[in-house]
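Here chain A shows up in two complexes: once beside chain B, once beside chain C.
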Partner chain A sequence: MAARKDQKRRLKIVPATARKGDIVTIKTLAEHEMEPGVRFNPESLVVYPRFIINKLICRYNGREVFVADWFSGVSANPYLAFKLRAEESGTVEIEWVDDYNQSTFARTEITVTDDATTG
Partner chain B sequence: MSARVLVAVAIALLAADALAEPARRPAPEELLSGAAFVRPETRALQDDAFANPGLIWVERGAALWQTADGDAGTSCADCHGDAGTAMKGVGATYPKVVGGRLLNLSQRINQCRVDHMGAPPYVAAEHEVESENLLSLEAYVKTQSAGMPMAVAVDGAAAPFFVRGRELYFQRVGQMDLACAMCHDDRAGHALRAEPISQGHVNGFPAYILRWDGLASAQRRFRFCNEQARAEPLAIGHDDYNALELYVAWRGATLPVESPAVRR
Partner chain C sequence: MADKKTTGALSRRRLLAGAAAGGAALAWGGVARADDYDFSGNPFRDRFQTFRQTFRVEPNREEAERIVRAIVRGRTPLPGVVTVIAPDIAENGAAVPVTIKVDSPMTADDYPELVHLIALENPFPEIAKYRFTPACGVAEVTLRCRMRTSAPLVVVAEMSTGAVGVTERFVEVTLGACS
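Moving on, here comes the complex of A and B:
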C-alpha cells in the first residue's frame, strides 16, 4: 500500500455526455487499506487500530446528491458505482472522508445536452 | 575418460534427453487461464477497465516509467521511449536468460536500474512483502503485452533452467508430500476444500489478489502454494522459483497475457 499522499482516487462518468434526464453511472475507486480494527499482530498481539474511509459524498454542481456511510468490513480499495440523473452540465465531485476526518477529492465534468436542441 | 567426465557426459545426455521429451502439458485447446476458475464477479472486476484495482499499480508504474532516478538522472522513458511501443511483447517472454542467469521481469527491471540508471534496486520496505514500486513497474511493463500470447524461450541457454523448473514442478515437497503437478495437472477444475483448483498459469501475474488486498507477483503466489503444502517456501527471486516460473510460463504458452488479473 502506498503512502497516504500517493494513494490513487479514480472517478468516471459513463457516459460523460448525456441528454437531460438521462441516467448516467458514476464509478468511483479509492485506494485505501480499510483496516477493519479487529486484526492483530500475531507476535506483539497489538491490535491494528481501525482506519477506514467512513463516508463518501457526491456533489453535483456543489449540491449533495449522494452520501454513503461505510463501516468496517468494506474491502480494501473500495469500488462504488451508483446512478445519477443528468440535469445540467457541470462538475461532479466525490469526497472520501476517513476516520481522521481527512478528505480526499476527485472531480470530473459532465456535459448535458438539452433535449429540445438534440431533437 | 575420468569418472568426472563420464558423469558430465551422462548428465548432458540426460538433460538433452529430458528436453527432447517435453513433459505433458494441457493441449493448447485445453489451456484455461486462471480467470476461468474464479467467480463471474471476480472475472467481471478484472475485465472492467475502471474497477480493476490492479490498475492502481499500473497507473503508478506509468508515473515511475517517466520519473528520473539514480546517478545518471534518467528515467526508463529516456532510454526506452514510449512503453506502449518499446515494451510491447516484452513481458510475455520472461523469465529470460540474461548474461547466463535466468531473470524474471522484476529482476530485469532492477538490473536495468543498477546498470543504466545508477539507481539502487527496488527492495521491499519493512512493511511490504514485495516492493510496491517494483510491482508497479512490472505490472506496467507486462500490461503492454496484454492479449499477446505467453512466449518464453526454453531452448538454448534457457534449457538447463527449463529442465530444473520441470524437475521442481514434479517434485513432491512438504508435509503434504505434494508436487505442483498433482493439483494443477491432475486435479485442475476439482475443488481443494472450498476453492476450485486452477491450472496454475502465470499469464495474469502480477495479479491483484483479493485475499491480500494488493498486487502480488507469481513467485509470492508460489510461496503461498508451498505454505499450503506445508513446505518451506523459497525467497521471492530465488533461482529455483525463476526456473519454476519459466516452466510454468512454458506450460501456459499461447495463453494471452492478462496482467493485472484479479484472483482470489
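Moving on, here comes the complex of A and C:
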C-alpha cells in the first residue's frame, strides 16, 4: 500500500529568510486519516486495523534535528509546529513514516543571512 | 487497602490539577513501585503500541498512571520546567490543540532529550514522544491530539542531565474522540 497521491504534505518555514542565530518556526501538516485501531464496525464488530503515521523526522542540511514518535492519540491530519535555530542556508526536509514503513517527504529552502552583511 | 491508597492519591491529584504546576508535579515524584516496570523497562501499555493493534481496549486510569511513574522512575520532578498550553474546555476531542514548552538552555549537555505527552483517560494513553536536539534552539512544540473524555494531560520532559520535569493540565472535553 503506497502512500496516497491525493494526500498532500505541507511544510512551511516562518520566516523563510532569517539572520544567523534567529529562531524560526517550522509548520508541518500531513493529510492522513490516522486510523487509531480501536474503532470497530458496529454490525460485524470487526476492528479497523491501526494505520497511522508513527514517525516524523526533521533534517536540516542532512542532519537530524528533531524526531517525533506518534501513537494513536494524535489527531487526524496531524499538524506539528516546532522551532529551529537558523545556522546556515540550506534545505529543511521532513520525513513522515507510516505503519507500512512508507515514507513521504517535503522539502523547503531556508535562507540565512549573516549579521555582518546585513549591517 | 492498596486500592484505598490509590483513590486517595487520585482525588488529591484532581484537587491539585488546577493548582500551581510545581504542586501537581510533586504528586508523581518518589512513588516508584515494584510493579511499575516490566522486564525490559518499558511502560506497560506501550508494548502494544509497538505492534499494529487490531483489538479493542478500554481506557484504564491506573495503567496510564503506571506509565507515567515508569517514565519518572522515582526521580523528583523539577518545578516550572514544562509549560503546557491547552484550552480549559475543548469542544472537539478529536483535535485538541496543545503547546508544550520546555525551559532549557539548549546547550550540548543540557537539553530535553525526550518529551512525553500522555492523556490519562485514553485507551492508549501515550500520545506522542518528541526528541529535541540543541539545534532546535527552543524546545517548543505544537500539536493536536485526540482525547476520549475529560482528563488530565501529563507532560514529562526527560533532560539530558538526568533531571525530569512533570506538568499536569486538566482539559475538559465536550465531545470525545474514538481514541
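In this text, the second predicted complex is superposed on the first by the 116 of 119 C-alpha atoms of A that agree within 3 Å, B and C clash if a C-alpha of one lies under 4 Å from a C-alpha of the other, contacts with A are read in each partner's own complex, and residues count from 1 in each chain.
Basically, contacts are C-beta pairs under 8 Å (C-beta built on N, C-alpha and C of every residue); 3 or more make two chains touch, one makes a residue touch a chain.
Quantities reported herein were computed from a predicted structural model and do not represent experimental measurements.
In the superposition on chain A, contact of A:Tyr79 is made with both chain B and chain C. When both complexes are overlaid on chain A, the residue A:Glu87 reaches chain C alone and has no touch with chain B.
Using the contact criterion defined above for the overlaid structures, shared-chain residue A:Ile23 touches chain C, although it does not reach chain B.
Using the contact criterion defined above for the overlaid structures, shared-chain residue A:Asp69 touches chain C, although it does not reach chain B. Of the two partner chains placed by superposition, only chain C is touched by A:Pro49; chain B is not. Residue contacts after overlaying the shared chain place A:Tyr60 against chain C, while chain B stays out of touching range. Which of chain B and chain C touches more residues of chain A: that partner is C.
In the superposed model, A:Asp99 lies in contact with chain C only, and not with chain B. In the superposed model, A:Glu33 makes contact with chain B only, not with chain C. Overlap of the chain B and chain C contact sets on chain A: residues 75-76, 79, 81. Within the complex formed with chain B, the chain A residues making contact are 1-2, 6, 8, 10, 12, 27, 29, 31, 33-34, 75-77, 79, 81.
Chain C contributes residues 49, 52-57, 94-96, 117, 119, 122-133, 135-147, 177-179 to its touches with chain A in the complex.
Chain contact summary for the complex, chain B toward chain A: residues 45, 50-51, 53, 56, 59-60, 132, 210, 213-214. Of all residues in chain A, those touching chain C in their complex are 23, 36-40, 47, 49-51, 60, 63-76, 78-85, 87, 99.
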